[in-house]
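In order of appearance the chains are A, B, C and D, and numbering begins at 1 in each one.
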Amino acid sequence: MCRWIAYTGTPVFLSRVLFEPEHSLIDQSLHSRMGVETTNGDGFGVGWYTQDTTTPAVLRDVGPAWNNRNLQEVAHHVRSGLFFGHIRASTGTAVQQTNCHPFRHGRWMWMHNGMISGFHRFRRDLVLTVDPALYPDIEGSTDSELMFFLALTFGLAEDPPGAVARMAGLIEKTGHAHDVPYPLQMTIAVADGERVWAFRYSSEGRSRSLYYSTKVDALRALHPETSFLRDISDETRLVVSEPLGALPGAWNEVPESSYGVIQPGGDALHAFRPQLHDGPLPA
Amino acid sequence: MCRWIAYTGTPVFLSRVLFEPEHSLIDQSLHSRMGVETTNGDGFGVGWYTQDTTTPAVLRDVGPAWNNRNLQEVAHHVRSGLFFGHIRASTGTAVQQTNCHPFRHGRWMWMHNGMISGFHRFRRDLVLTVDPALYPDIEGSTDSELMFFLALTFGLAEDPPGAVARMAGLIEKTGHAHDVPYPLQMTIAVADGERVWAFRYSSEGRSRSLYYSTKVDALRALHPETSFLRDISDETRLVVSEPLGALPGAWNEVPESSYGVIQPGGDALHAFRPQLHDGPLPA
Amino acid sequence: MCRWIAYTGTPVFLSRVLFEPEHSLIDQSLHSRMGVETTNGDGFGVGWYTQDTTTPAVLRDVGPAWNNRNLQEVAHHVRSGLFFGHIRASTGTAVQQTNCHPFRHGRWMWMHNGMISGFHRFRRDLVLTVDPALYPDIEGSTDSELMFFLALTFGLAEDPPGAVARMAGLIEKTGHAHDVPYPLQMTIAVADGERVWAFRYSSEGRSRSLYYSTKVDALRALHPETSFLRDISDETRLVVSEPLGALPGAWNEVPESSYGVIQPGGDALHAFRPQLHDGPLPA
Amino acid sequence: MCRWIAYTGTPVFLSRVLFEPEHSLIDQSLHSRMGVETTNGDGFGVGWYTQDTTTPAVLRDVGPAWNNRNLQEVAHHVRSGLFFGHIRASTGTAVQQTNCHPFRHGRWMWMHNGMISGFHRFRRDLVLTVDPALYPDIEGSTDSELMFFLALTFGLAEDPPGAVARMAGLIEKTGHAHDVPYPLQMTIAVADGERVWAFRYSSEGRSRSLYYSTKVDALRALHPETSFLRDISDETRLVVSEPLGALPGAWNEVPESSYGVIQPGGDALHAFRPQLHDGPLPA
């Protein structure tokens, strides 16, 4: 039950997005308006891609984001053209670095807002499905990290939307087998360093909020006075749990049961539906 | 800008007071109703007196109280008949253990809610007044700890109300000299292991909230069904920033500009007025 | 690869044992003489039983023990007649509270020095053997905690030496199946609040060091000048990874492949041999 | 009582210098060979200059460097052409972020190995000399940060060697007045983003070790097989408490009572002598 932000576009200091907007992610860590919890103080993380490295950097810590000095330092001195920010409100699992988002595997980065209902009752069943070769890399105890490893198991590297659909299908099937009527609640962002996929789904059809930013050229026409909009390219895009700032026309809700992909050459929005995986897992 | 609680009476597990009440201090760390800030997640502390030791124990940490496991462990396994609990919302100084309340010096324990306005402009002047023999024991950077050391300098060990009055007088005088109209805002609890003094004062006459509990025998007559009241002696007393629970008749506001002393043989409530210290400091 | 101490006997402040001896556990955290690593700075824990509670308290943190103030506070203000202390040198798993010893389950407490060789290759196989009803309580990622849960699965509550023998047997069998010649290296302490069992074993027959203290009456005759010995009962006993202090005659090596039980009415030392568990698990 | 490293030259990932060398700074945090303490586990810091910002970034934390994941992340994903690394062994002051090096003020960065003897006896006298306009920026309680603020008070921005000499002169004079025969022990690095000054001095004439690297062109001729040397410019230079790696001819001792300046256009080594500041402080 968290808040998150994904940025892709013109490389900027992380602070321009994480700290400077009026209702920024860091401000949301103290005063979320739309989250189930108003305080998200159980750890945080930022992950960013840089040139010259094959993996993203991930900075995570267990205290609140709002008073963390290392986050301030990094955000004000590191530029990136693709980064994630996440603030956590624990739903019961331990407050520790290995439970903070974003999670990373190779060049992949993953973060989540939501929960698996009844997780403690069928976590073991889900863990057993994780590819044994991936299993040793699970470090924490959250449902969110396990969802990532299930998606990796189901072919995230080849087909992100398909892998996430099969992950969701497995969780719903397993939850139903344990008499949980609505097992899954999720908004997810996942990136490979070039593209970002953002998913909004819940078994109940009442998903956590998710928004994407309006195209920059349209926004610029609406708000010619906003200097930040002049500094960034037309391709720049944000996806957020909760709108930042108060720019009319800036935010569009991601529809229920859908996902978007943000990529060079054109973004797209599609329907999302969990799938049952019946065949053998990808080798 | 914090919340605090002081307990004195029948020895109980700290958890009975810190965690179990409906609107407990730990719950207030997430959702304060009466504080200036609704979240108090910038560190916490508990301090308790035990038999056989001359000093109180102080457990302090920099994360939020609500997710701290060591606090849970200690609170559920340690009994005390005189203890303090404090949750912090930083007003700017660093989030570090040495800035967490309660502060301790010998057998004395001190905690504070409020602030010195314009502190950064005249902190140096105040520090210079601290007894040079006490100065090396200042470890943190808060106004609250400095207020403690000023009170120690002004004779806290011999005359707590007088020492606090002289501390307040010095802060107001110094603040006024720096053109701060209302320099002081405070509720303070201080204990020596047997007695607790609780102060409510602000230069402006609009002090932070402070409450003390009704006498246990009267409460027991009002609420015969409440088992906790049967377990504690008539002498048991709480002083709190914000009422706990929803027991009608349980809480009384400490009046503006006053202080109370809770002690064996009879509690008392007095007017509080800052004093100017003109003579030499106590040897 | 850690150091630990187990104390049972006359209730004392934890500091008498953890801090005061010449070569104390806390001193060992900086300068171990006998450990594989000389520095044990990757977290620590103390666990103690008190009257009036059914579970032990466990205080754990991720920094070094030698500079932790909360450990100092608790150790100097809490008395116990049965407590554990542990300092950690990580063998690769994350430095987080849930990986710090001692581990607790109900009234049981467990700590370990050593490692499972090749753990990452067959951790999943071992996890699958844990009783599904216990599985959700695993919080960390260490071999040590998993060994505890295997012992719980194999009947620790009814037959501690048998359960530990079956745990060791499973680990050796599984390790051998993965071509690890010497899968297990361990010294373990486990307690239920009244008794302490201490095990020393390794597949290779070259186990980590383990010592138990000489009977107090004999020690008192040898060292009539040592005041601590006058304050504790004849029944008081310590088991340690590495001798404390420099009292000649005070320490006896636990033999290879053996375990001791410290209990009211008479301690005992027995041979230890891993067992294969072939039948159904205890209900 | 710490270890430190200063790098200036070709921009590289911090990890190339902090983690990769055989006897790297991070390795020294566990196993220092030349320090007074062999373990430096009481916090660490790295500070780096980047293009486009006027201040350096500073990442500091209270645990040991050797197990800190955020340090790993930043070091493997951030490049810089001028950075500091520091590992701390506390000489008594609190283990907290504000006591970790490097310290920063505007574009200036400062770190220290050594101590002021008798600091607690005359810290107050030294603090009183700090420019009152700078005083509010002191955040921690170390001698090292106070030395920085004294140097700032004495004109660090205009004349770094002179300001450090006056700082040293004041400390020696004040120490002698308190009957401390050898008040100062220091190796210091200070940078403004373009140049680095490194000082080695002690009142006793037995200063902590300090080394600077041989010119890269000479080293390259000696070790044509070392690839790192081919990647860096002739101007690249390291100054270190303790030599890294095992490259014969790579390290030269900074002489007693001297300082070096590393700057574009030519490095230089000079004698260092404390000075008494008698006139008014710089405005």
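What we mean here is this: a residue touches a chain if its C-beta (ideal position, glycine included) is under 8 Å from a C-beta of that chain, and two chains touch if they have at least 3 such contacts.
Bear in mind that the values here come from a model prediction, so they are computed numbers and not experimental data.
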Third chains touching both subunit D and subunit B: A, C
Inter-copy rotation, subunit A to subunit D, in degrees (Cα atoms; steps of 5): 180
Chain centre separation (subunit C, subunit D; CA means) in Å: 41
Residue list for subunit D, restricted to those that touch at least two other chains: 69, 94, 97
Residues of subunit C that touch subunit D when the two form their complex: 30-31, 38-39, 41-42, 62-64, 66-67, 69, 90, 94-95
Complex interface listing, subunit C residues touching subunit A: 94, 96-98, 120-121, 123-124, 127-128, 132, 135-136, 138-141
In the complex with subunit D, residue positions of subunit A that touch it: 48, 50, 52-53, 56-61, 69-70, 73-74, 76-79, 97
